[in-house]
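Below are two complexes that have chain A in common, paired first with chain B and then with chain C.
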Partner chain A sequence: MADTAFSGKSVPIKPKLSNDDWIMRGAMILIGLVLIIAIILPLYAMLSKSFEDSDGNFIGLANYVEYFSTPALFQSIYNSLSISVIATIVVLVTSFLYAYALTRTCIPFKKFFRLVAMIPLLTPSLLSGISLVYWFGNQGVAKELLFGESIYGPIGIVFGSSYWVFPHALMIVITALSIADSRLYEAADALRTSKIRTFFTVTLPGAKYGLISAGFVVFTLVFTDFGVPKVIGGNYNMLATDIYKQVIGQLNFQMGAVVSVVLLAPALLAFVLDRIVQKKQVALLSAKAVPLVPKPDAKRDMFFLGFCTLVAAVIIGMIGMAQYAALVKFWPYDLSLSLNNYNFDVMDGGGWDSFYNSIELGLWSATIGTVVIFFGAYLVQKGRGFEKGRGLFQAIAIIPLAVPGMVLGLAYIFFFNNPDNPLNFIYGTMIILVVVTITHFYTVSHLTAVTALQQMDNEFEAVSASLKAPFYKTFTRVTVPVCSPAILDISIYLFMNAMTTVSAVVFLYSSDTSLASIAVLNMDDAGDIAPAAAMAMMIAYTCLGARILHALLSRGIMKKTAAWRGR
Partner chain B sequence: MADKEKYLRIQNVVKKFGDFTALKDVSLEIEEGEFICFLGPSGCGKTTLLRAIAGLDIQTSGQVFQAGRDISALPPSERDFGIVFQSYALFPNMTVSKNVAYGLENQKLEKSQIEKRVRELLETVGLPEQGEKYPAQLSGGQQQRVALARAIATSPGLLLLDEPLSALDARVRVHLRHEIKELQRRLGVTTIMVTHDQEEALTMADRIVVMNDGVIEQIGTPIDVYRKPECAFVADFVGHMNFMNGQVVESDRIQIGSQQLAAKTNGHKPGQAVQVAFRPEDLVAVEDGDMNNAISVNLKDIEFLGSFFRADLTGGDLGQSTINADFSINLSRRVNLEKGRELKIRVPADHIRLFPMEG
Partner chain C sequence: MTAMKKIALGLIGAASAAVITSAALAETLTVYTAVEAEDLKKYAAEFNKQNPDIKIKWVRDSTGVVTAKLLAEKDNPQADVVWGLAATSLMKLKAEGMLEPYAPAGVEKLEGSFVDSSNPPSWTGMDAWVAAVCVNTVEAEAKGLPIPSSWKDLTKPVYKGHVAMPNPASSGTGFLDVSSWLQMFGEEGGWKFMDELHQNIAWYTHSGSKPCKQAASGEVPIGVSFAFRGAKSKAKGAPLEIVVPTEGVGWDMEATAIVKGTKKLEAAQKLVDFTVTKEANEMYNKGYAVVAYPGVAKPVEHFPENLSAAMINNDFEWAAVNRDKILAEWKNRYDSKSEPK
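Then we have the complex of A and B:
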């Protein structure tokens, strides 16, 4: 060999960046900076606020000392924890049985039960509180069922919370139970294992990670929720309502910040634990399982049909009562129907304008959010080199999931309401509502996009580069069309959450930018419960409409692209 | 600078992934129009080298020159190559024609020109009627032809094929092997193909680059690599090879088992322990009693492989060692190949190769 021709040292190479590389990195850094401004800096502002007195002087842990020496305040930690634990148990059991019925039995009307279970997603969590007032409140129709106990307090919070987080848990558990391997059951049968033993040795372990994950989700949602305890909590204090009271009621921003930190800590812990558990799960999933097809079993199916009917009846009862109450003239004295309660313009809460504002917020969040989030995920997934930057971006994109809405909203006050902040001008406008909503729901959307992008062949970018196609051409002509179902999913997710969220925006709306969900809150606060129910139902119908539109669009896209999606 | 610059020159290329060194100072020259195969087991660095040449994963150090141009640090988009992957990487939402036209559109050609060229290309790869179909509607072999057409559409100076046949059925693979080779010869495009399949490399390549553990073990024509492996790794990896421990006795004699044989000892000193290698198909069953360079063995087992028999031989001069010998069907008609039988086997001196003992 002509080795002599090569003799020489190996010259270190510094890769030259193409125009695409520059643009992609620049865009990613830009989105990364926006994320830092939208999540990291506000959280930092809030954290530092918790160490300051009302004049802005650093006072160390004094606020925390005050917090923990005020029983009325730290009692809320116990309250929040115990309510969350109880609700988690209730929801896990219910959603497991319901999911089991949908995946492992032969009950009829499975589609119907599945749809009914998703109803709570259409409304703000406030609605479940309002419904409970009509069912079990002081003038409630079924008040006697509580045997003298008051619905205003722990019972109401657990019931209401369980109602609205049910679909969140159900979706996870259904997924976990759907991936059963029928070969395991055949093996258990062949070994003459009893049904009970099979359940505890095959079914339950198989769904273990799904249940754990659902548990964390339910715990965090209930722990950080503001809507249900606000409406039905009475004098029972929870952390999320404490923040609201400190900030809105007493204008004690420092204490609000302290409570936020206290609220953030367990949420953060649950988040970290969940991620550790989920990492384990990936390793346990087997590649090719034979899907389980349930066989009829009259007794079992009867039981589960009864159970599902009961749960569905409760869900329909909750939303149905809200609708009924909204149409009743004067509860409980004049039960004739009218549309008087929809005359929002004569009530406190911003009137019909707040409803239109909500739709505007939903549309802006869905469009801008989807574009930014999907493009950001694309840059992270398909960029070339720059591993450190991409890793950092990925880490920042995960953070919003761990931050409760109340905390985020309060953090925004501290950060954006600061007169020294050049971005101060967005305070009190629609812009800040859009920013906080997109940020609040960033992570789930980001992960949806990442999953879709990961399913695409990694060599598309390599081929495009070899064909001298700029990245944006391949992005618009290949990536976006192929990922269109995921993109639609992200936009509907953002829209529905923008319509129903209360927690993040409650600190940030102004008289010009009141929202439908805020109107529900304020009307309820002012005692206009029926109009509040009416507005909550307006939100529900809007979300339902969006859902139907989404389903139609998805089906249309699938039909149009069936030729190339193939298989 | 040399009087005639080679088309592709790879000079002292090193690629590190963290602590792991995937390419250890690799140098290589490729002539214009050559068909080169990078052959080696998985993890040997062959794909890493291909991706460095493409600029997809640029080397840590070392240079790459293409047509006299230093492309070492250039991003893929500024290099001149077409590439085909094992996964085809066809854009699923575009028809076959659109896929093939993708690179042409970036050259700002006129629409009619593009259409004409796409038709030609589809004709060339044998898919003239399939232009309006989507990739998902084609078979694996057809998809890979489309990928090939797309890669050569812009007439790149260098064609890179990353295990293009590995995902296909055995039959399709053999067929497409010939077609790719034929196409390459017709276009005269310099081509590098990565493969772990030695048969593919032997049938397609002008020269094979055998790689192992981040270094090039041997570069040579298929016949050279097969007949004159330069190291035990190549001898073992390409084709089937018997290895026995032996010793050099004289400058032209070696000992294996209890028998001395004539062999070229090229460089190995008398008394030195060596690995003695010879291929099963080079062994000859002695039918005429001529014991020149022959050993006496027992037929332990015999396996029918369709066009020939492969025998396990042991005992006799071999002692405990076992070697393989391939016997033709013709031979089996003349010679009794019963298990347990004693056989005389000639090991032609020309076909014995010696390698230093490992470690």
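Then we have the complex of A and C:
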């Protein structure tokens, strides 16, 4: 490859490259190439599609002109932006208060509240829409609370979106709030600063970067999600649902590509801004910092206990309602319980097969994805020299985070469904679903692996190398065992996301490879909303089971391989 | 690590075994359909009773989506057979030269109006599928809505926000409604009627059965859908009244055809042969009151009695030729109220 030529000219000062170095570089270039095929080329294909007519002729900006002159489509940009901004504010406030309660107060049941807050991660975003129909729909049990307003529309979208992105924001804010130097608060106390002033001058600035980051995450997730608006949006169109409508409803791929570009732009912008802001962050904790231990304060703790109970009740109410509705025979006229709604085989969406397909996809993504991603991160982190190549790899690995699942899925159609593409054969198979899932969730897994590897002293490699142990021995005997908690984290992350994602796979499944999350979507579409809820809950239980298994495994492995950490 | 390795190896083994077994199976036909999902297994099972060596791989979606998919794949067809798609859609495909003409064994026994007039025919009909209005009696009473008896009734202000109907761009039922209104009320009158109806529409759905299912569960009091769906929901205990509007109702045929270019012509012909048999028609009759094979049809439970009489004299050719134009006009006027997808 390219670097062979490069080595021929290598300047004498450079240390001689060992076989190991060559193998590692080769492997890294290989994984890098796979990444380029999995992300860069499809995106390029999509971009160029947006400049073509349906016969594939280049027509410049004509599609964009048509898009921006169709008021119904154009309106969606405004709708998407306003919904995302409102949901971001709602989620930031809620997650800040919730995180504050968990980190800075002395309320009881912290562990319980923390676990409950993670529940939305177990299901596709569609579930929150479905639950809202049962709570506040025209036959909803609590529709009076809306005072005549319809849940179908902006109210439902904001509520549903806030529900499912809440844990994503909460995790970031908790991390931000956990880092605090108690000396600052002591100083504030000594100066008799009011509590409110301390809050605005010490607490908030300390959590500033976390909040900004959480804000960008929430905005992007809501902006690009289509599960919630699909189910509960009624006549309120958003960008993500427009792509869907153009591509699935009318097979207008060119317009789908245009909307994708429109959707991609703000997501990319948010991503870039976030990275710039994060660069500015400086270490808050010096070595001399004293961790903050919250002191009891009856009034404050009472308030936060109430608040957390309320939020937890809403979360449990949402998922509980979905399970209840799934068991009801014929809502709302026959509330007796039955398992009829689990008879998926007589409904749209692919039946029970789709559920087993989802598990298969989850296992493949978790195993292959973890191996590839971790090994890739290892090569980037522990390789020697070749700075440019490693830098480039790192940059490509970050891109998937900025690309909405739906955009990636559509890009895959354009790229892989092209008969001239030698990889065309994976189209319509389980393979393409595995590839798109791993790619879509690549970045977070990659960063997890990098963080774990960074914590490992480079001396390990140096010592092994001097003992003439080949790198793969060090890798399997030292690196992997030491990083096993991170490896497990990556695999559970990939598994759960493979189970719940809709947007990345919705354009790519075939009748043989229908998935549980897609079945939820299609059953809801056909009006079979209770079976849709039943399938969504099957996903939830599967993820929960995987989570528990993960916890047990982690504990076992930690005991076995990480005894040294205790020292 | 070794444990993980074993798991990984096991996975790979299991997956490759799955690949091998599926490859070892007999001939598989890819069949595109818009038939209700709950009937597909039954259809395939009946067919396999006589042809156990041909496996059916269903690709199911709404009429509009299946039609668009077939058209999009024109140069590289993926389907071998279309079994259960609106005749108007098949006429469009025939005009595009995408169907393989074939006279199935026994086609002469079918009602003449259910068979394509070319010889050999490009498609053969299965059953008629008829528009109807599902009204939830409990919700209508609670909201003080009178039970409508005609299409024009639905435009009355009292029904504002209480009617759901399928989007004709994606749903075959939606399209037959729109095309029947244009035929009954004339072009101008038809669009005027839809303008007025639009004022009352709560939402346009992607699928043709959803409005009736939503009416069945009271999510919306009135759903413009088709009689078959209404009868099924009623059988499940929904408080529904299936209204056949007095002006007459639109209908379409579900029909069958072979896709030109199929590599499995022989198997495809066997399948189409089956679709015109008496047994197949008896199977269609489980849900559809009017089927192609004369003398087979028995009354279907919960089906409105006056339905056959109310079916309009549908000009399929006109509907097929003007489909694109009608849909473009419809989207232009009403699409902003369409449900996502």
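Definition applied: the second predicted complex is superposed on the first by the 541 of 567 C-alpha atoms of A that agree within 3 Å, B and C clash if a C-alpha of one lies under 4 Å from a C-alpha of the other, contacts with A are read in each partner's own complex, and residues count from 1 in each chain.
Operating definition for what follows: contacts are C-beta pairs under 8 Å (C-beta built on N, C-alpha and C of every residue); 3 or more make two chains touch, one makes a residue touch a chain.
On a predicted model such as this, the values are computed, not experimentally measured, just so you know.
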Problem set entry | Touched partner set for A:244, first chain B, second chain C, both or neither | second
Exercise. Which partner does A:468 reach: the first (chain B), the second (chain C), both, or neither?
Worked result: first
Problem set entry | Touched partner set for A:459, first chain B, second chain C, both or neither | first
Exercise. If you stack the two complexes on chain A, which partner ends up touching A:196: first (chain B), second (chain C), both, or neither?
Worked result: neither
For this session: Give one of first, second, both or neither to describe whether A:17 is in contact with chain B, with chain C, with both, or with none.
Result: first
Exercise. Which partner does A:276 reach: the first (chain B), the second (chain C), both, or neither?
Worked result: neither
For this session: Please indicate which partner A:293 is in contact with in the superposed arrangement: first for chain B, second for chain C, both, or neither.
Result: neither
Exercise. Between chain B (first) and chain C (second), which does A:481 come into contact with in this model arrangement: first, second, both, or neither?
Worked result: both
For this session: Could you give the residue numbers on chain A that contact chain B in one complex and chain C in the other?
Result: 481
Exercise. Along chain B, where are the residues that touch chain A in the complex?
Worked result: 2, 11-14, 25, 27, 29, 54-56, 58-63, 72-79, 81-83, 85, 87, 89, 91-94, 102-103, 105-107, 134-137, 150-151, 153-154, 156, 219
Exercise. Which positions of chain C touch chain A when the two form their complex?
Worked result: 1, 7-8, 11, 15, 37-38, 41, 57-60, 64-65, 68-69, 71-72, 76, 138, 167, 169-170, 202-203, 205-207, 209-214, 217-220, 236-239, 335-341
For this session: Flag every residue of chain A that touches chain C in the complex, lowest number first.
Result: 71-72, 75, 133, 137-139, 152, 226, 229-230, 233-235, 237-238, 241-242, 244-245, 248-251, 330-334, 345-349, 360, 363-364, 367, 371, 419, 476, 480-481, 510-512, 525-529
For this session: Could you pull out which chain A residues touch chain B in their complex?
Result: 1-3, 5-6, 8-21, 384, 457, 459-460, 462-470, 473, 477-478, 481-482, 561, 563-567
